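Heads up, the next two complexes both have chain A, just with different partners, chain B and then chain C.
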Partner chain A sequence: MPNLLEVRDLSKRFTSAGGPFRKARSMHAVNGVSFDLASGRVIGVVGESGCGKSTLARLILRLIEPSGGRVNFDGDDLLAKTSAEMRKLRARMQMVFQDPYSAIDPRYTLSRAVAEPFEVQGVKPARPMADEVAELLEMVGLNPGLSTSYPHQISGGQKQRVGIARALALRPSLLVLDEPTASLDVSVQAQIIGLLEDLRADLGLTYLFISHDLSLVKYFCDEILVMYLGRVVEALPDTKAPARHPYTKTLMESTFEPDPKKRRLIAPLEGEVPSPFDLPPGCAFADRCPQASALCRTETPELSSKTGHAVACHHPL
Partner chain B sequence: MAIRSLDAFARMSIGRAFASGVGLVAGGFLILLVLVAIFAPWIAPFDYAAQNLMNANAAPGWPHLLGTDEFGRDVLSRVIHGARTSLSVSATAIAISMTAGMTLGAAAGYFGGFFERAVMTVVDLTWSFPDILIALIFVAIIGPGLTSTTFAIAIAYLAQFTRLTRAQIVRLKRETFIEATINLGAKPSHILLRHLMPNAIAPVIVVGMLAIGDGIVLEATLGFFGLGAQPPTPSWGAMMSSGTAQLFLSPWVIIFPGVAVAITVIAVNLFGDELIRALDIRDRLRGA
Partner chain C sequence: MLNVRDLGVAFGVVQPLSGVSFSVSQGETLGIVGESGSGKSLTAMSVMGLLPLIGGRITDGSIEFDGADITALPERAYRKLRGGKIGLITQNPMTSLDPLKKIGPQVDDVAKLHLGLSNADARARTIDILGTLRIPEPALICDRYPHQMSGGMKQRIVIAMALAADPDLLIADEPTTALDVTVQAQIIRLLDDLVKERNLALVLITHDMSVVAQTCDKIVVMYAGRAVEQGPVEEIFDRPRHPYTQALIACIPRGLDDATRLTGIAGTVPTVLNYPKGCPFHPRCPKAEAICATDAPDFSVVGESAAACHFAEVAHAEPA
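And now, the complex of A and B:
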């Protein structure tokens, strides 16, 4: 399978302006992230809140301008595109947002919201717009009779379905899912995940799935990237692969096990995530890591792969 | 069809503002006042400029229901025509101010950066000038009259509309649906005109409504100082000004225009409050 998306050394540094009473400070929200996403695959990105996974999604779609690196989408170098070219390309790379409650303009009816992608891209569908809207709503499991409703009249799960319908209206090839279920009830989460699975099979979509829920990512994705403080610390080639980074291991052990016979003591992670402003030298995880040695506190480990399972650790498991 | 459109009106926010007793009385009075202003020449019992020195300073009675002024002109007719001056000057000024303020505020809020700082600095500067001083500047440039008054009122309220619109746009810009629409490939014009402005406009309209009340007072103030409407054009402020000379001889000359200003401003404010309640935007008005 050819790569639909190639990300190389993507970085974003946010700088706070200095003044007479404070120094200018900068933080690396995303630091040298590289990966390939093959057409039709699903890559999951996991990490704690604040690790830069949502920023990574926005950098890839160029909703935030990267400070460095490259993004290749289907052979196009995105960062070389003018804003007009970029607007055209956006039709093929869509995003589903974390907060469905504010993802639709409160003054738009559902049909207007779902028809907006066509309006914005100047695309005239072959069929009447009402038919197109009805089919999109049906495709995401909504009753087309809802098309005259306003967002405040429908539930969170229904709003997220509208968000998915809007994203799919122009038949994109890449869908970036930024915690699409994080603000929904558990039962609704399962429905949305089921819908996303069906849509991927039916439409041949490629997903970049961002989540803090490792068990969900393991269920849903083909490959997993684990992020810690802006860096990818481990790239699991499949969901069965055992953790090689101590951080991934702790994450995996902290997932809840429903079977009481398999319950074990969850060892909570000691310490705090260091401030991204004043990163200590060496491995960012060293202060919380049981395996840390003197080397870990002086030298940052590079992401290196043997046998396709890359890990950024001096003492991999 | 008639029932459907009536129903639609009741569901609109402006319709809901009429639903309470206060809203109905205040709103009804304002509608009546607008009608009076529009049809002033037909409603007024006398010519507002017709002098009758033989009957000067006549007390309220028949046929001059509200009495006559020092030139024997009918006070009722002048108050009715004065409504025309007060309402049209205030409404025109606020319309100019609102249009300019919304454009500047939206552009400042949307584009940000140096442009935003430049616009807001200039706008804040206009706010620091007393209204009377702004009016005097215009009088010095284009001479006294209603045009000067209109521009002075427009500039006096510019900062309020600009700041409020900017605050709305800055808040809305962070909403997910804006990012989602940008991600669909929307141009800035689409974002501004189809999403940001329609969502920002409600509180601006309410503040505009309330500002019309303040504008009437400001117009009366400028008229009182002789900077506004020039004789014989009747304006509530100018009438009160000329009435001061006969304050003890014929108090009705100053009382009735004053009462007209007071009732109108109270009605505007009460109706504005009902509108704020109907639109449920009290928390969004703090940005101004």
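And now, the complex of A and C:
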């Protein structure tokens, strides 16, 4: 399969304004991220809060401007596009947001919410809009009879379905899913994940799936990128690959099995994620890493792959 | 230590909680699991005697703590218990900490109020507790404000406050929901150690079946304001007998097992205003029959576990 998305050395630096009592500071929210996403595949991006995974999602769709790097979507260099060209392209690359409550205008009926993408893009569907909306609602498992309802009349899971219907309206090839189930109950999360799997099979979609939940990512994705403080520290080529980066290992060990017979002795990772504003030199994980050496505190390890399983660590497992 | 029998709670004419019974002993962890709106937090508030604050009242059943009936305890007496013999850990540490007050005095106050310690003794105790919670440089931390600390550290401070008066029972309401997984693992380990070292009784309220599987000795599964199944944790996970418990376990993504596909539970969790008649789960239940829509099932007990389902016995006979 050809690559639908190619990301090279993508970076974003945020700077906080200085003032009379503080210096201006800057941080790398996303730092030199590169990966390829083949058409029809699902890549999961996993990491803890503040690791830059949501910023990465927004950079790829150019909802915020990168500080450096390149994004190729289906052969187009996105960063060379004007904002009008970008808007056209976004019909083919859509995003589903974490919070379905704020993603839909509370004053819109569901049919207007689902029709909004056509309006924004100035596209007239081939058939009457009402039919188009009804089909989209059915596609995401909602009763078309709900089209005259308002967001406050439906549940969180139904709202997320509306969010997905909006994203699908213009028949995109890439969906960026930013924690689409994080605010939902587990029974509803499972419904939404099942729906996303069906849609992927039926419509041949490609997903970039952002999540903090490693078991969900392992269940849902083909490949996994593990992020820590703005960098990809490991790219797992499949979901069964054992962790090679100590951070990935910790992450895996911190995720409990839903089986009382598989209790684990938790050896807690001491310490906390350092502030992204004053990162120590070298590997950002060194202070919490059991195998850190002097080298780790001076030199930042590059993401390198000899076996197709890339890891950014001086002493991989 | 804690014995809740047939608890029912009402707000005006709505009855969001009914027929909830469970007990916890010293050195034991009880998990109360359920989705949002299942009544698990309300159960915690009932035990803490906080219902009057939100306009609710206990209409049925009894709550016994350390051998004494505390169901209708007056507020003045409850105040001694709450934060004293019963400690509470909430989901969001920011709602338990005063943002304008340094950490030290906030923890000191608990020991001063409940144990009558002097300022100096209370501070010594605070530093000692912070140390046992593996907080680095406890004496320095006492001079910090909550906003200067990370989420995981704030949650440890809340745990320190809950421990300050040497409680016998801890109630933890979603203590790790707001935290990252590596921090969650730290806090869960900490709670586990505390239960063992101090012989505490812990009631852990959560929506996360994996956390329950990792830590609890026994569990109560709640749905729509009722306990639908309860028993020892291994029994419930190995042989769930209520269709809701079975579905809930099937909803958990398991990374390494490709064979099972997630489908979720059709429909949505009912709100208190539209609790179904009969068995509360029947509209979403794949095994429901006519009787489920009319008669609320009683608990049927098999061995140590009990399920409130008309067909619980049958389900048990089938291979899982």
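As a working rule, the second predicted complex is superposed on the first by the 316 of 317 C-alpha atoms of A that agree within 3 Å, B and C clash if a C-alpha of one lies under 4 Å from a C-alpha of the other, contacts with A are read in each partner's own complex, and residues count from 1 in each chain.
One rule holds in what follows: contacts are C-beta pairs under 8 Å (C-beta built on N, C-alpha and C of every residue); 3 or more make two chains touch, one makes a residue touch a chain.
Source: prediction; values computed, not measured.
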**OP:** In the superposition on chain A, see if there is space for chain B and chain C together, and answer fit or clash.
**Re:** fit
Original post:
Who does A:Cys313 touch here: chain B (first), chain C (second), both, or neither?
Top reply: neither
Original post:
Counting only touches as set out at the top, which of chain B and chain C does A:Leu110 meet: first, second, both, neither?
Top reply: neither
Original post:
Is A:Ser102 contacted by the first partner chain B, the second partner chain C, both or neither?
Top reply: first
Original post:
Looking at the overlay, does A:Cys296 come into contact with chain B only (first), chain C only (second), both, or neither?
Top reply: neither
**OP:** Please indicate which partner A:Val42 is in contact with in the superposed arrangement: first for chain B, second for chain C, both, or neither.
**Re:** neither
Original post:
For the overlaid structures, how many degrees, to the nearest 10, lie between chain B and chain C at the C-alpha centre of chain A?
Top reply: 80
**OP:** Determine, under the contact definition given at the top, whether A:Arg90 touches first (chain B), second (chain C), both, or neither.
**Re:** first
Subject >> chain A residues touched by each partner, larger count belonging to chain B or chain C >> reply: C
Original post:
Of the two partner chains, chain B (first) and chain C (second), which one does A:Ile210 touch, if any: first, second, both, or neither?
Top reply: neither
Original post:
What is the minimum C-alpha distance, in Å, between chain B and chain C after the two complexes are superposed on chain A?
Top reply: 20
**OP:** Check chain A for residues that touch chain B in one structure and chain C in the other, and list them.
**Re:** none
**OP:** Write out the stretch or stretches of chain A touching chain B in their complex.
**Re:** 61, 63, 86-91, 94-95, 97-99, 102-107, 116-117, 120-121, 163, 166, 170
**OP:** Could you pull out which chain A residues touch chain C in their complex?
**Re:** 48-49, 155, 157-158, 185-194, 197, 212-220, 239-240, 250-251, 253-264, 266, 268-270, 272-273
Original post:
Residues of chain B touching chain A in their complex?
Top reply: 175-177, 179-187, 190, 195, 198-199
Subject >> Of all residues in chain C, those that touch chain A in their complex >> reply: 35-36, 134, 150, 152-153, 180-186, 188-190, 192, 207-211, 213-214, 216, 233-234, 237, 247-256, 261-266, 268-269
